[in-house]
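Contents: one structure, followed by commentary.
We just call them A, B, C and D in the order they show up, numbering each chain from 1.
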Amino acid sequence: MVIVLKPKVSEQEREHIIKFIKDVGLTPHVLLGEERTVIAVIGDERVLQKQPLAALPGVEKALPILSPYKLVSRDFKKEDTVIDVGGIQIGGKHIVVMAGPCSVENKDLLTSIASQIKKGGASILRGGAFKPRSSPYSFQGLGEEGLEYLSEARRLTGLPVITEVLDPRDMPLMAKHADILQIGARNMQNFRLLAEVGAQDKPVMLKRGLSATIKELLLSAEYILAAGNAKVILCERGIRTFETATRNTLDLSAIPVLRKRSHLPIIIDPSHAVGHTDLIPAMAKAAIAAGADGLMIEVHSKPEEAFCDGDQAMLPKDFNQLMGELRKIATAVGRTL
Amino acid sequence: MVIVLKPKVSEQEREHIIKFIKDVGLTPHVLLGEERTVIAVIGDERVLQKQPLAALPGVEKALPILSPYKLVSRDFKKEDTVIDVGGIQIGGKHIVVMAGPCSVENKDLLTSIASQIKKGGASILRGGAFKPRSSPYSFQGLGEEGLEYLSEARRLTGLPVITEVLDPRDMPLMAKHADILQIGARNMQNFRLLAEVGAQDKPVMLKRGLSATIKELLLSAEYILAAGNAKVILCERGIRTFETATRNTLDLSAIPVLRKRSHLPIIIDPSHAVGHTDLIPAMAKAAIAAGADGLMIEVHSKPEEAFCDGDQAMLPKDFNQLMGELRKIATAVGRTL
Amino acid sequence: MVIVLKPKVSEQEREHIIKFIKDVGLTPHVLLGEERTVIAVIGDERVLQKQPLAALPGVEKALPILSPYKLVSRDFKKEDTVIDVGGIQIGGKHIVVMAGPCSVENKDLLTSIASQIKKGGASILRGGAFKPRSSPYSFQGLGEEGLEYLSEARRLTGLPVITEVLDPRDMPLMAKHADILQIGARNMQNFRLLAEVGAQDKPVMLKRGLSATIKELLLSAEYILAAGNAKVILCERGIRTFETATRNTLDLSAIPVLRKRSHLPIIIDPSHAVGHTDLIPAMAKAAIAAGADGLMIEVHSKPEEAFCDGDQAMLPKDFNQLMGELRKIATAVGRTL
Amino acid sequence: MVIVLKPKVSEQEREHIIKFIKDVGLTPHVLLGEERTVIAVIGDERVLQKQPLAALPGVEKALPILSPYKLVSRDFKKEDTVIDVGGIQIGGKHIVVMAGPCSVENKDLLTSIASQIKKGGASILRGGAFKPRSSPYSFQGLGEEGLEYLSEARRLTGLPVITEVLDPRDMPLMAKHADILQIGARNMQNFRLLAEVGAQDKPVMLKRGLSATIKELLLSAEYILAAGNAKVILCERGIRTFETATRNTLDLSAIPVLRKRSHLPIIIDPSHAVGHTDLIPAMAKAAIAAGADGLMIEVHSKPEEAFCDGDQAMLPKDFNQLMGELRKIATAVGRTL
C-alpha cells in the first residue's frame, strides 16, 4: 500500500496516520517528495483493506500494491487447476464444449438436442431449469421438472449436466440433479449464494457480471474458494458497453489476463455475449485461438419455438459444423477438441 | 412491434412470419418498402416478448413500440405514488432524507449518530446489518445483532429504519426489525429476492444496478408490484462508466426520465455514487434541484473507524450544515425539507 | 511515481531500473516488502511520463502520484480564473447562460432568436456555422455566411457570440466573427486544433469528449494554456455510457471534481447531454445547484424546421420560463443569474 | 422509418405529421394500435435523417429501419473490396501484417526494425511521424524528418509505409511519403480531415474511435467514400469500457458485424487495445480466427527507450515467433499469412 498525503498535511495528521499503520501491525516508510509526502507500507496490506484509509485526515489517496484476492491467484498456486466432471477434465489440454438449450422446455426436445450435440463432440449438456429474466412476464423456467428432464437426458446420453442456481434454498434440489452449478452473471455478487456453493463440493462455473471488472470476478471466485470449494470455473460472457450492434461486448482479452492472474479454468460463452447466431462462430473460434479452456454454446433444434433467447440458439447441424472448424483452431494452438 | 424483414426474404418465410403473429392473437400489417419489407403488429405486443422473433427465418430485427413494464408505468397510474412509513410520506411535497452509517457497528455509536442526524432533519435511519462486500475478507456486517441495534435506535429516536436484505431466508428477521427493506444494487436482478419482498407488505427501496438501464430498473420494480407489493421506492446510486475520478457516475438525468415513465418515488444516493465526502454536497443539492423525492446519505461520527465505506461518510456536523443548504434548494423548487 | 517490481525480479534487473531512474535525475527509494519490492521515486515524476517504464525488464506496473497537468491545476493557481468576454465575466459570481440555435440557418431567424433569449436573460449567443455531423448526408452548416449572420446578430443585440471551430484553416475567419471559440467534443483531442486556439488570444470553450476522462479533459486544456492562451472554459456535455434513455449521460459530478482540481470556469450543456427538451430543465437546475459557472442551452423558435438537433431545442418562451426557475436556484446557492 | 405517436396526440398534430412526411416525398401508413398510433413511412427514409422528427408536436420517437450509410454497405456492393498497396492486396485471402514502432525515432533504428519485421513476414511498415498524445509534454513526433526516415526505410526494404495524418495542412507532405494514410481513433470524427483524405487517392486506414459505435465508424468511412476515395480500410483498436485490466477493450465481435454490414477490409490493432506486450499474442491469434483481414502490431527493438508506448511494443524476435503461430491459425481458417 502506498498512501499519498494531501499537500498541506499537518505534522499531527501525519503522526496519526503513521500510528494507525503501526497499530494494525504494518511498517510505514515516509518519503518526502517535492510536491507530496508518500508513506509506503510494508507488510501484508490486506489487513488495510478493511480500513477506511481515505477517511483519515490528511490522506489524499491510498494505492494498493497487492491484489486483494489470494486463493484464486497464480501467485498462490502456480500450476493450472484441472477440474474433473464425470471423467471430463476442464482446464487441461482438451477443450471442453458445453452446449444445449437456454431453458429446458420439454423432455423429448431436450433429449433430442442432447444426443445431437453429443454426436457433434460436445461433452457437457447445458440447460436452465430456473431462469433469471429481466421481465416478470417472461418464461421463468420449469423448475424442478426441468431438473428432472436434465437428469433423464444425462442418463440417456451420459453427458454431465450444468445448470444455473438462483436461490440458496434450491441447493438440495441442485445436489440431486446437477454436475456443475452455474452462477449466472446477475448473481456474480450474490455473496450469500457464493458462500452456499462454496460450502458444497460440486464444481461451480462463475459467470462474470455485466459490469464486473476482472478483479471483481476473481474476488467473487475467492468467496467460493474461501468457503472451501476449490473447483471453480471462470466464465466470460460479455460485458455491457455503449455498443448496441451486439447484445454485449465479448471481452476476449479477459482470457490472457485471467490466465496470468489465476490458475482457474476459463470458459467463454459467445452466445449470450453477441446475441445473434450469425456472430457466434467467429467469436467461438476467436475464443479458442485466444486460449480458452472451453466454450458454452446455446443449441436448440427449433429456435423459433424456444421459450428463451431463441435468437441466439444455433441449430444442431450448424453447431456440429462449427465443431469441425473449431477443431482446426484447437490443433493450431496445440490443443484438442 | 415492428418487424423488419431481411432484404431477400422468401414469400414462404414471409407467410410463416405472418401466421406466427396471427397465431398469438395479433394483427400483422405488411408494408412493402423500397429496400425492406416491414410488418407492423397491432395488439398488445407484450405477448411477443416471450417469443424469439429474431429466430424466425427471414426476420432481420424486431423493434418494440410499447414499454415492457406495465404496473410501474405512468400510463398505468397517472398520479404520483406516495408511500407512508410511520407517518413519513415518501413521494409527496416534503423531501425525505435517510441518513446513517454504512454498516451498524455498535449500539452506542448508532444511537448517537441517529440522534444527531435527527436533529439535522433526517427522517429515516439507514444502516446495514448484512453487508454485500466485493471481498470475502471485508467486514460482512453484524447480522441479527445489527438489526437489534437498529430496532433499539428506532425506539430511542423514533426514526423508522431502512436496512438491506440480501437473502430470502432473512425475511422473518427483517419483518421484525425493518421499516423499509432495501434491495441493493448488486441484487437488483436477484429475481427470487424481488419476488420475496413483493410477497410481504413493507415498503421496498430498490437500488439501480451498476450497469442496469432505466428500463431494467423499472422491470425489476415490476417484479415487486406483480408479486403484490405496490410500495416501491426507486433509488439511483451511480452507474459504472469509464470515468475513475468518481467511484461511479451519478446519473441524475434518471430523475426526469423516471418521473416521466413511472409514478413511483425517486431517491438519490450520492454517497455511494461519488465515493468521496467532499463531492457529496454538490450532488445532493443537484439531486434536489433535479426533482428527487429524497436522499440517502452516509453519516458516521468517526469515519476513520468505520468498518465499511468510511471514505464516503460525512461527519454529523457537516451533514447538518448540508441540510441547511439543501433546504434552500428545496424551497427554490417549491418543496420542503 | 511508485514502481512495483515483478515477484521474481533479478538483482540485475533491479539495478538497471534504479540506474534508469537516476539517469533522468530522480532519486529512487527501494522498499522490500514481503511479496513485492517497490521503488518510490522522489523528484518531479513528470519527466518519467515520457518514459516507457513498464517496458523495463522486471517492472510490473508504475503508479503515478502527481497529476500529469500543471498550468490548469488548482495547485498551480489557487484562485478561480474569471474570463471577460465583452464585459461579461465567466467564472465569477454571476452565472452566465449561452443560448441559441444548434446551427445558424438564416439571418432573420437568428436575429429573432437572439433578441428573444436576450430578453430572457441569456448573455451570450451560441450558433454553429460549421457543424460536425456523424453522417456526410446531414446539414454541415452555412460556413462563412453563417458567421456573418452571427456578427450581424451581435451588432443588433449586443450579445457576444460563441461558435465552433473545426479546422485550423478557418482560424482567420473565426478571428473576424467569434468572441469565444468552441472546441467540440469530437475535437477535444484534435491536438493541432488545440495548439492553434492556444496561439491566439480569444477565449476558448473546450467541450469534454464523449469518452474522455476528466484527466484527459484537463490535459487537453493544458495544451491550450501551454500554447499561451490562459482563457479556457471547460464544458461538460454528457459522456457515453450503456444507458439509452438519454442521448448521453450528463456527468454532473464533474463539476465538484473539476472545481477541486482546476481553477478554470465550468459550463454545463444539458441540451446535447440529454437530447430531449423535456429533460433539459431538470438538468439545467441541477447543474446550477451543483456549482456550475454557466449553461449552454439550445433554443430555436421553430424546432421542427431546425436543420440540426431540433429534438433538443427549447422554444424561446419555454427557455425564458426556465430562466426564471434557474434564478431561484442561483439565489439558493448564493449566486446571481 | 417508423414514427410512434404520443398516447394523447391530437388529430391536428397527426395530420401535421402526415403532411410533413408527404412534403418530403415519402408515403405515410397510419396504423392504429390499442395503446399507440404508429406511422410507417415508405420510401428512402434517408431524406428524413436531416429532419428533427422528434421535434414535431405529437411525436414520441422515430425508429429508423434502414442504415444511414450507403456506399460502405454490403447492400450497395456485394463483393469484398480488395485494396492494392504496391502489389500487396488488403482484403483478399492473404492476411496482411503491418508492423513497426509507435513513433519514428531515428533512421537507423527504423531501418533495422523494418528489415527484421520483413524477415518475420510483415508486409507493411508502420511508424508515426506526427503523434497525437494526451499530454502536451509527451513526445509529439519528429514530423517531416520522421516521414523522410519512413521513405528511406521503404527504399531500403521495399515495404510500403502507413503513417498517421493529423492535420489537413500536412496532406502535401503525406502525398510525398505515405503509401497508406492512417486516420487515428481520436480523429475518427474529424470530418474535415475525412473529407481531405477522401479527396486524394491513396488508401486510407480509418481507426474506430474509443467510444464510437460500429454505425458511427461506418458513417465516418462513408464520408471518405462520398468524397471520392473508395480505398478505405477499417480498423478496430479497442473501445473504452469500465475495465481497467487492459488499456482498452478489444471488440473482436466488430469483425463479424462489419463483415456482414460492409464490403471494406478489416484490420485489428491489438497493441493499442490491450496495452501490454504479454496480452498481444492471444489477441492477435483471436483476431485472425475471427476473420480479420490483417493486423497492425507495434514492434520496437529497444522498447524501454521508445519515445512512445514502449510498454506495448514487442521485440522483433517475439514478433517473428508470433508470426509463426499466427500462420497456423490462418491456415486453420483457410487463409494465408
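General observations
The definition used in the following text is that a contact is a pair of C-beta atoms (placed from the backbone, for glycine too) under 8 Å apart; a residue touches a chain by one contact, two chains touch by 3 or more.
Just so it is clear, the structure is predicted and the values come from calculations on it, not from any experiment.
Seen from the Cα centre of chain C, the chain whose own Cα centre is farthest off is A.
In this structure, the chain pairs A-C and A-D differ in their number of contacting C-beta pairs, and the larger number is found at A-D. Chain C and chain D, compared by their mean Cα positions, are separated by 26 Å.
Chain A and chain D, compared by their mean Cα positions, are separated by 31 Å. Chain centres here are Cα averages; for chain A and chain C they lie 39 Å apart. Across the assembly, chain B contributes 211, 240-242, 244 as residues in contact with two or more other chains. Against chain D, in their complex, chain C makes its touches with residues 20, 46, 49-57, 68-69, 132-140, 166-169, 186-187, 189-192, 209-211, 216, 219-220, 222-223, 226-227, 240, 276-277, 303-311, 313. For chain D in complex with chain A, the touching residues are 211, 213-215, 239, 241-246, 249-257, 259-260, 273-274, 278-279, 281-283, 285-291, 325, 328-329, 331-333. Of all residues in chain D, only 2, 4, 7, 29, 31-36, 38, 40, 42-44, 63, 65-66, 75, 240-242, 244 touch chain B in the complex they form.
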